[in-house]
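Just so it is clear, A, B and C label the chains in written order, and each chain counts residues from 1 on its own.
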Amino acid sequence: MERTAYRLADIVARFGGQVMGDADTQVRQIGTLEHAAAGQITFLANAKYRSQLERSHASAVILSKADADATSMPRIVCDNPYSYFARLSAFLNPLPECIPGIHPSAVIGKDAQISGQAHIGPHVTIGAGAVIGAGTVVMDGCSIGERVTVGQHTRLYPRVTVYHDCIVGNHVIVHSGAVIGADGFGIAMEEGRWLKIPQIGRAVIGDHVEVGANTTIDRGALDDTVIEEGVKLDNQIQIAHNVRIGAHTAIAGCVGIAGSATIGKYCRIGGSAGILGHLQIADHVEIASFTLIGKSITEAGSYAGVFPFSKNEEWRNNAVHLRHLGDLVKRVKVLEKELESLKGERV
Amino acid sequence: MERTAYRLADIVARFGGQVMGDADTQVRQIGTLEHAAAGQITFLANAKYRSQLERSHASAVILSKADADATSMPRIVCDNPYSYFARLSAFLNPLPECIPGIHPSAVIGKDAQISGQAHIGPHVTIGAGAVIGAGTVVMDGCSIGERVTVGQHTRLYPRVTVYHDCIVGNHVIVHSGAVIGADGFGIAMEEGRWLKIPQIGRAVIGDHVEVGANTTIDRGALDDTVIEEGVKLDNQIQIAHNVRIGAHTAIAGCVGIAGSATIGKYCRIGGSAGILGHLQIADHVEIASFTLIGKSITEAGSYAGVFPFSKNEEWRNNAVHLRHLGDLVKRVKVLEKELESLKGERV
Amino acid sequence: MERTAYRLADIVARFGGQVMGDADTQVRQIGTLEHAAAGQITFLANAKYRSQLERSHASAVILSKADADATSMPRIVCDNPYSYFARLSAFLNPLPECIPGIHPSAVIGKDAQISGQAHIGPHVTIGAGAVIGAGTVVMDGCSIGERVTVGQHTRLYPRVTVYHDCIVGNHVIVHSGAVIGADGFGIAMEEGRWLKIPQIGRAVIGDHVEVGANTTIDRGALDDTVIEEGVKLDNQIQIAHNVRIGAHTAIAGCVGIAGSATIGKYCRIGGSAGILGHLQIADHVEIASFTLIGKSITEAGSYAGVFPFSKNEEWRNNAVHLRHLGDLVKRVKVLEKELESLKGERV
């Protein structure tokens, strides 16, 4: 498809910042420093890549005041090049339009209320009593349970499942394979057999949330599981029943959050980290990748707990002593005592 | 929908236990101590939440003999409030009925035998020669391979896949996105290329098993992968080829079990734990979250191996020494020797 | 179905090796040492299972020259019994034939080019402008986005999703629930809200790649995510945007690879391992299960970093000291100094 070209002058008129060099330079798309071609604009968000600027074939670049003189290329100077790039890229690469209509292969339950401005793709199933808002796109193969509410301007990519009675907000994006509202893992042992505990809460997803591919968000056992507005979830995250995730928290791939944990606002959780059940995590907490949080965190800050890797033999030589670390500490304590007594004698 | 109300007297007549207070109190639903409203019954399974009892707006509570006097609210006193609650909740919240019939959009293979008492939802594909038992619900978008057998009173939520020739028992629940019987990871290196080893075993799922959302259970390479009866699997678990999981074992989310591992009965495995291939785990073993089991466990008990988290700088200051732990142990040994010899001289 | 029988003489004529014992012995299928029955051939790839040979009910066995005299059973002697077994098993267990045709329930977009030799199953959606090559099988419920290219002789198992514009090579296998080309996790913080960064690169999957069930491979942010030829990916792996995985690398289940990491050729990565973003991993690197790689690896070899498990109390007694390991090292340094000074005095 033919892309529209924009002059740098047009871009700063819309997004702010200042042009240096030829303001009539035209760009159609964004590219990386390394691979941008003519007609593309690139960005420099980190001064350490400054040396790549001169080799770039981009037609223009977005950069900060501090880097404004790093090139003679036509450029847009602004406060935050990374978010400027994000805004410009969203403008140049809008999501495909919502084309209203219901594909004839979709199966729509009784009393479902589907906005005339919504798009329902092929092979979709919508349960009885479900509500789908205006501007919302439900792509092929999605399964929307009975009495589910999906807000406006939300996009469900192919093969998303939302179980019965759950709520998905406005301007939400859910990627393929995500499962919202499956039963939480609630079982009770009785006489050598597990009884299943019905999971009668819901999963409630706030506005402007994004849910990654194959991520699972369980429904609550009795009360709801809640993902507050603006939360961003990467792929293959597991969120157990009755978890609450505070607004604008971002969680990287493969994280597991156990039941009834409460995560604060504006937290950032690294890939494959874990949080045990019933814990409370304060606002503005950062958790490193691969770290298990085993007790509540009451204070903002960065937390980590990862075994450092090394060559296999080296690791083996060191790790073997971990099973005797308590003993080692005792041995050091004995040494300290004996040395103290030796020194005492000497006096 | 209007829920039926039950008197406490009716409930104990059905489930046992003893009413204290007004036995005519009516309840329609279960709720948490915190959020239960009038018409709901709550439960106290852990004495540490006793103080929440007086603030609860529930109409009644299930509790143990030890807690019987903790409130004057109408109450049911029983031996195990948690399993009592599970049973009562299952009674008040039955699974939706199986409405027999095959949706016209389903595609049914040649010679498939589908019980007249089974429900086959929209957009389902059932392979040639598959068998679906009475009372079984196959929800929308499921894919059932050729010659698969699914037992009776089993429920496959939307978009479950069962590969050809696999067996799913009776009273099984499988949640959305689960994949049963995909090829195990069998490859052999030959002259710089991987050869694929055909995976010709099956995945065999016993009765009363529950499989969480997006969990994967691979088929066997030659023999079968086996999940014994009553096993409960949470979401996003990966079970490799030729694993055997003993009856009534419960596994939390994101666990990975490598090929040919054998897990005993009544084990409990915490979230994101891992078990290496070809290991044997005894019955009644508990494994902590985030723990990698690297050799067989022959004895029941609790096992763990997790790096404790701390503030980032603190972690860094400590972890750096792990790469020299072997050296540290040697240094302590030298100190002990030298001190011993100093003490010897002194005598 | 009736399987064809082959004489050992026929098999060595096709695959090489040498028969010892009755070359007219017929076999129809492969089996394990433990469970092979009459009419099956088994294999001995590891001398440690030699003792199982005499109890085996197999009709024949594949083994190495070193083990040639370990049994009197009819046998095929060859250099690499494991890859011989792989080849023979692939011959005895070919993938089901591709039966060309488009199921009437499939929904095909405008200008899609589907080879007359391809198979498109029930409930498949193929986007506008997509291309599907000859001999390729797209099983039921798959979602192929707009302008996607899928090569020849590729097999997409049920419910695979490929997002718009992505490329899947020839002779590729993708298992159920895999998602190729979902948006990478690209967000920029601006005034307390996350801006979404459009993900306009593609995911490009090379020839002879295998992708496991529920694995996710994100599209690139600007440039492409690339999986080179012959890469083998197990289940539930998460590959972030702009990752590049070198040819013939094999990755076990549940691994997470963060954005823009580059993995070399012929690497082997154990289950649930992780690699942080922007790292470079050399060719022929082996990474142990459960190990987080936190900095680039420039040298081939084996690497590990796992906390060894033990009985729970033992672990607790040892792990508690990890939070003071830096202090312990300092205490040992003090001891060494003091002892040195004591020894000095003594002279």
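Convention: contacts are C-beta pairs under 8 Å (C-beta built on N, C-alpha and C of every residue); 3 or more make two chains touch, one makes a residue touch a chain.
Predicted model, so just to flag it, every value in this text is computed and none were measured.
Participant: For the identical-sequence pair chain A and chain C, what's the CA-based rotation angle in degrees, nearest 5?
Facilitator: Best-fit rotation on C-alpha atoms: 120 degrees.
Participant: Between chain B and chain A, is it the same set of residue numbers doing the touching on each side, over half shared, or a different set?
Facilitator: Copies use mostly different positions to touch.
Participant: From the mean C-alpha coordinate of chain A to that of chain B, what's the distance rounded to whole Å?
Facilitator: 25
Participant: Among all residues of chain A, which ones touch two or more of the remaining chains?
Facilitator: Where chain A meets two or more other chains at a single residue, that happens at 105, 123, 141, 159, 177, 214, 236, 254, 272, 306-308, 310, 319-320, 322, 324-325, 328, 332, 335, 339, 342.
Participant: Looking at the complex, which residues from chain A come into contact with chain C?
Facilitator: 29-32, 34-35, 80, 82-83, 85-87, 89-90, 92-93, 103, 105, 121-123, 139-141, 157-159, 173, 175-177, 208, 210, 212-214, 230, 232, 234-236, 248, 250, 252-254, 266, 271-272, 289-290, 306-312, 315-316, 319-320, 322-326, 328-329, 332, 335-336, 339, 342-343, 346
Participant: Could you please specify the touching residues of chain C with respect to chain A in the complex?
Facilitator: 105, 107, 123, 125, 141, 143, 145, 159, 161, 163, 177, 179, 182-183, 185-190, 192-198, 200, 214, 216, 218, 222-223, 236, 238, 240, 254, 256, 258, 272, 274, 276, 286-288, 291-294, 301-308, 310, 314, 317-322, 324-325, 328, 331-332, 335, 338-339, 342, 345
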